[in-house]
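Letters A, B, C and D name the chains as they come in the text, with residue numbers starting at 1 for each one.
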Amino acid sequence: MNENRFQKRTLFLILYIVFALLPIYWMVNMSFKTNEEILSSFSFFPQHFTWDNYKTIFTDPAWYDGYINSLIIVAINMAISITVALPAAYAFSRYSFIGDKHLFFWLLTNRMTPPAVFLLPFFQLYSTLGLMDTHLAVALAHLVFNVPLAVWILEGFMSGIPREIDETAYIDGYSFPRFFLTIFLPLIKAGVGVTAFFCFMFSWVELLLARTLTSVDAKPIVATMTRTVSASGMDWATLAAAGVLTIVPGAIVIWFVRHYIAKGFAMGRV
Amino acid sequence: MELELEGISKRVGAQPWLYDMSLAPKTNAVTVLLGATQAGKTSLMRIMAGLDIPTRGTVRVNGQDVTGVPVRERNVAMVYQQFINYPSMRVADNIASPLRLRGEKNIDERVRSLAQRLHIDMFLDRYPAELSGGQQQRVALARALAKGAPLMLLDEPLVNLDYKLREELREELTQLFAAGESTVIYATTEPGEALLLGGHTAVMDAGELLQYGPTAEVFHSPKSLRVARAFSDPPMNLIGAEAMNLGVQLNSGPALSISLPGLVSKHLTKALTVGVRASELRLQAGEGDVALPGVVELAEISGSDTFVHLSTSAGEVVAQLTGVHYFELGTSLTLHLNPAHVYVFDAEGMLLVAPQRRGRN
Amino acid sequence: MITTKPVNQKAWWLVLPVVICVAFSAVLPLMTVVNYSLQDIFSPERRVFVGTEWFALVMRDEELHAALWRQLTFSLAVLTVEIPLGIMLALAMPAKGWKSSAVLVVVALSLLIPWNVVGTIWQIFGRTDIGLLGAMLQEMGYDYSYTGNGTHAWLTVLTMDVWHWTPLVALLCFAGLRSIPDAYYQAARIDGASKFAVFRYIQLPKMRGVLMIAVLLRFMDSFMIYTEPFVLTGGGPGNATTFLSQYLTQKAVGQFDLGPAAAFSLIYFLIILLLCFILYNWMQRVGTDSKEGSDHE
Amino acid sequence: MARIDLDIAHSYRANPQQDEDYALLPLKMSFADGGAYALLGPSGCGKTTMLNIMSGLLAPSSGTVKFDDIDVTQLSPQQRNIAQVFQFPVIYDTMTVADNLAFPLRNRKMPEDQIKKRVGEVAEMLELSGQLDQRAANLAADAKQKISLGRGLVRPDVSAVLFDEPLTVIDPHLKWQLRRKLKQIHHELKLTLIYVTHDQVEALTFADQVMVMTRGRSVQVGSADALFERPQHTFVGHFIGSPGMNFLPAQVDDQTLVVAGHKFGLPPGSALPEGELKLGIRPEYVTLTAADDRTALPVNITQALDIGTHVLLTGQCGDLAIKARLSPDQHAPACGDTVWFGVLGSHTCFYKNEELLP
């Protein structure tokens, strides 16, 4: 009976994995076909295997600039999110102060606010500040949901470190910055990694704000893709190749944090 | 270092954690803070260390008021009951860290000699997480000792260790402290540990400092019932009694002939409490002994001693017998006690009579 | 042991950067929205204070009501499918070894795909001429078209959301399952518990915390869904997949009705805030309840 | 109820080569039906491994486990019909106390009226009757552990009940009462009980027979008396008793016993082999003797501690430290005094290669 049960579970898992991978595979499959082949025949493997679609993307600045812009935006956002979230998370995990609980709740509500709500004011605000169509504009806009998330995850990891370590360090004579950088940070390495992963994830995948706040110079790949669709008709092959390339960074990042990811999710305490 | 606490009290919110107390631990010797959990030992230590500021009162070091001085500017060392080390540093770096911060010389050499003294020199290149609990606590101790701080605070440092390891490490600690280079404050919940450490003892209970003095003296002449309760393991047998002509009458038990001090007011002698240490109850009757018959509830064997729980007409009592003894549950047994070896407390719980100390000239 | 956190008002200094950041990116915009919602703006120079007129207008908007109901139905459907499916998936995932890592990465993959690419993937996948799913359904005799049939479109968006987000639920549950001490499983074996009893009396109660987070996150996030249906169906056919965010964006960017759009934004925000507050309080209450019950862990 | 025979070895590695690779070295042991046993040893000595092999949570890498001469090595805990109580309370959060206690019985499809009766009895025994209808999750740690104990004891027909350090989470003040409960339960139910602990008090109080283990090896099985009086192995002498036994290196040459440079005649009636030995004497049996006593060593007192009920002396004889525990009635020497410690007597044991000589 045990054996049987085990097989049922495995079967379910395999079915799910097929469900999860098939749509992605289909896009990968298409990215190696020509548009003619896509529209004329129907096959599980490319009949006329071609790298052309990828060549298009890597040679046309209209395409590859999108990736560079996306990476810059995500990097800026990650850096700011983690830098400001670290001290705040430390404060929440170590001290109680007036209004701490309300503040924490208020931060979380921002994670829960629909970006669509901020669309108008962001547009106005960044126009006024002359930030429109810059990397910084999108990175800042993404702080709305990434900073609360970063504080939340980091606070969880920090609460797992006994406070006595802090005190021992002060007794030993460490100053706060030195203690924080040389002793505390190495202890929550995993937490910082997981936080970076989540910041990456949410900033990388967001479209609405990114598209609204950019036009040319800072246009991220997600926006490039949606516009290309409407502009050049249906260039399915190139679109598929572009889609595949957006998955690659995510897949790489997730491989690095695979050991911590379960733990990172477990930190989701309220 | 000379440490002096004067009129210290601590409240957190509306809750008092420490009531007004003054204490001057003996300089460059060991002082044990003895009390159950929540007695206020840790709160008091944190004030001594400068981790917390008392609500009222002053902390003086060598005569200077240091009450508000933050911990970083004081020269103290502290060891916690959890094994606190820097997990991201190797053992050697852990021990060296306070030395490096002060930019001292011959760090490697000093780390090595300390590690040798605490028998962890073979683990210097490992990380704390790779060590057993006992070894981790040795690292924490080595780091605390490395500072050579004149004030050393240990908050139940052995409580999370296996009992044999505790025995070993405790002995090594007494040897380290015997050098008398710093004032040592050692918190523990175990009366036995306080006795093994010797030195002086301050008994605490529910945020109050009850008694301070040389350990053996506090043990043998507890000022009050509360001190006696806190400083006895197994718990002192306490039996209600009444004063009578030539001694005391145990409630529903035998009478003991004890001479009570004359100058005690009547109302205090009405409801007395007689305290008998478990070790004063024995199987063989001696001269002048009083018999206490009962039924065995359980015999606990610790190896060196057997603790017999006995249900008697005067209530439940525990006797400590040397060596291994077997008693079936429910058998009848008569224990004997010498009236000269009991304590008597008055109605307010203050000591009236203490047994004479034996084995002394 | 230190039981309570020390009170330290200086900690505000550590929190200050976050407050400034979020104030800049959330409070300021929100104030602008409030400002817009109370005025009729003809041009930057010409604006008239209109009070709660826009709110009244939005509240009476039939299309908005329809969108709200569509949204609620969709969010509930998302929860009904994704939560059980996520739990099953977590139970089926291997716990140790390279297999565990590999499955974890494969399962998590869909979370890292940009939302519009998710739309694109399904846009391709569901087309009857070039997509595997569409072609297969056609082959099997269904007259499937997510661009022509409202129900098909709605179901396709739901399937896409399940594909996209079930892994989040699964990963949360997986983390919850990993935190159950071995002793519980051993005790269950000793007590002779069946697999179902283990699930019902050990795994499910121990997953309660993460499950509540999963429900909260999935409910809120599905409430804000925008990009995927935007790419896949553009809200159509008709209004079949026009959810709140679509409708708002249409109003704000498409028609540039600043006043009503702002009022709508605020109402939307308040609905979310209210739901969030209710859920948060509920979770805190249940959370403290379970904490009392697990002081040894 | 059953007699349990073990003939096993266990290694967590695939190909054990040296002794260190084994969690449990080859070992034979028989647990009599209805007996109370304890496995005592420091952490990492293999006692929990042995317990899990008996309960069937772990299959031994070699050997057999027999219940009443039936080989059960490959059977599951359920098939072995065994009960086990763990170190930390395991309770089913969503159930009431009564449902928790009834759980093992319900899983075995016992009729509901019998379950009710049995749960009532066990609850009565553990003083949980008043809390039967409460949710188990909201109770204090010691009440939870009582529930775990109750679930272990609730099945009337179990082969054995195994305890894995069950009193770790119990407040010291309550420990002795639970110990008493367990002892009473053993008395009344006559179950085979096996108890794993690192605490000598727990082991010696609870069990009729104690197995002392170190580094995957059983070094002695015996009663509390035997472990105290005649430790079969130096480890037992060291581990049992506080402080443990004194061990003094000794040498037998030519019918003379040499300890720390002092010569003694061989104890009468004993045939000690020539060569290196260890002399073991418990601090309780070290006596103060007259100077130049033929059974004594001169020591310089380095520590005299009044530990309330006793006086603990540490005497230095050359490089050797000897501890002695004196009754408070005796006149104790002070630090720095030179006195004579009697170390040869009827309680003195001799060890060769750490094993007791007959």
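The criterion applied here is as follows: a residue touches a chain if its C-beta (ideal position, glycine included) is under 8 Å from a C-beta of that chain, and two chains touch if they have at least 3 such contacts.
Keep in mind it's a predicted model, so treat the numbers as computed, not measured.
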Least hop count linking chain A to chain C through chains in contact: 1
Pair of chains joined by more contacts [C-beta pairs], B-D or C-D: B-D
Separation of chain B from chain C, taking each centre as the mean of its C-alpha atoms, in whole Å: 57
Centre-to-centre distance between chain D and chain B (centres being mean Cα positions), rounded to whole Å: 27
Sequence positions of chain B contacting 2 or more other chains: 82
Sites on chain A at which at least two other chains make contact: 164
Shared-contact residues (touching 2 or more other chains) in chain C: 2, 4, 6
Residue numbers on chain B that touch chain D, as the complex places them: 132, 162-165, 167, 174, 191-192, 195-196, 198, 216, 219-220, 277-279, 297-304, 307, 309, 320, 322-324, 326, 329, 358-361
Complex contact set, residues of chain C against chain A: 2, 4-12, 14-15, 17-19, 21-22, 24-26, 28-33, 36, 88-89, 91-93, 101, 103-117, 120-122, 124-125, 129-133, 135, 163, 167, 171-172, 174-176, 178-179, 195, 209-210, 212-213, 220, 223-224, 226-227, 230-231, 244-245, 248-249, 252-253, 258, 261-262, 265-266, 268-269, 272-273, 276, 280, 283-284, 287
Of chain D, residues touching chain B in the complex: 42-44, 176, 179-180, 183-184, 187, 198-201, 204-205, 224-225, 227-229, 238-244, 282-284, 303, 305-312, 325-332
Chain A residues touching chain C - in the complex, by the definition given at the top: 5, 9-10, 12-13, 16-17, 19-24, 26-27, 30, 38-39, 42, 80, 83-85, 87-88, 90-92, 94-98, 100, 103, 105, 107-110, 112-122, 124-125, 140-141, 143-144, 147-148, 151, 163-164, 201, 204-208, 212, 221-222, 225-226, 229, 236, 239-240, 243, 246-247, 249-251, 253-255, 258-259, 261-266, 268-270
Interface residues, chain D side, partner chain C - complex: 52, 55, 57, 76-78, 82-84, 86-90, 92-95, 103-104, 107-108, 135-138, 141, 144, 148, 151, 169
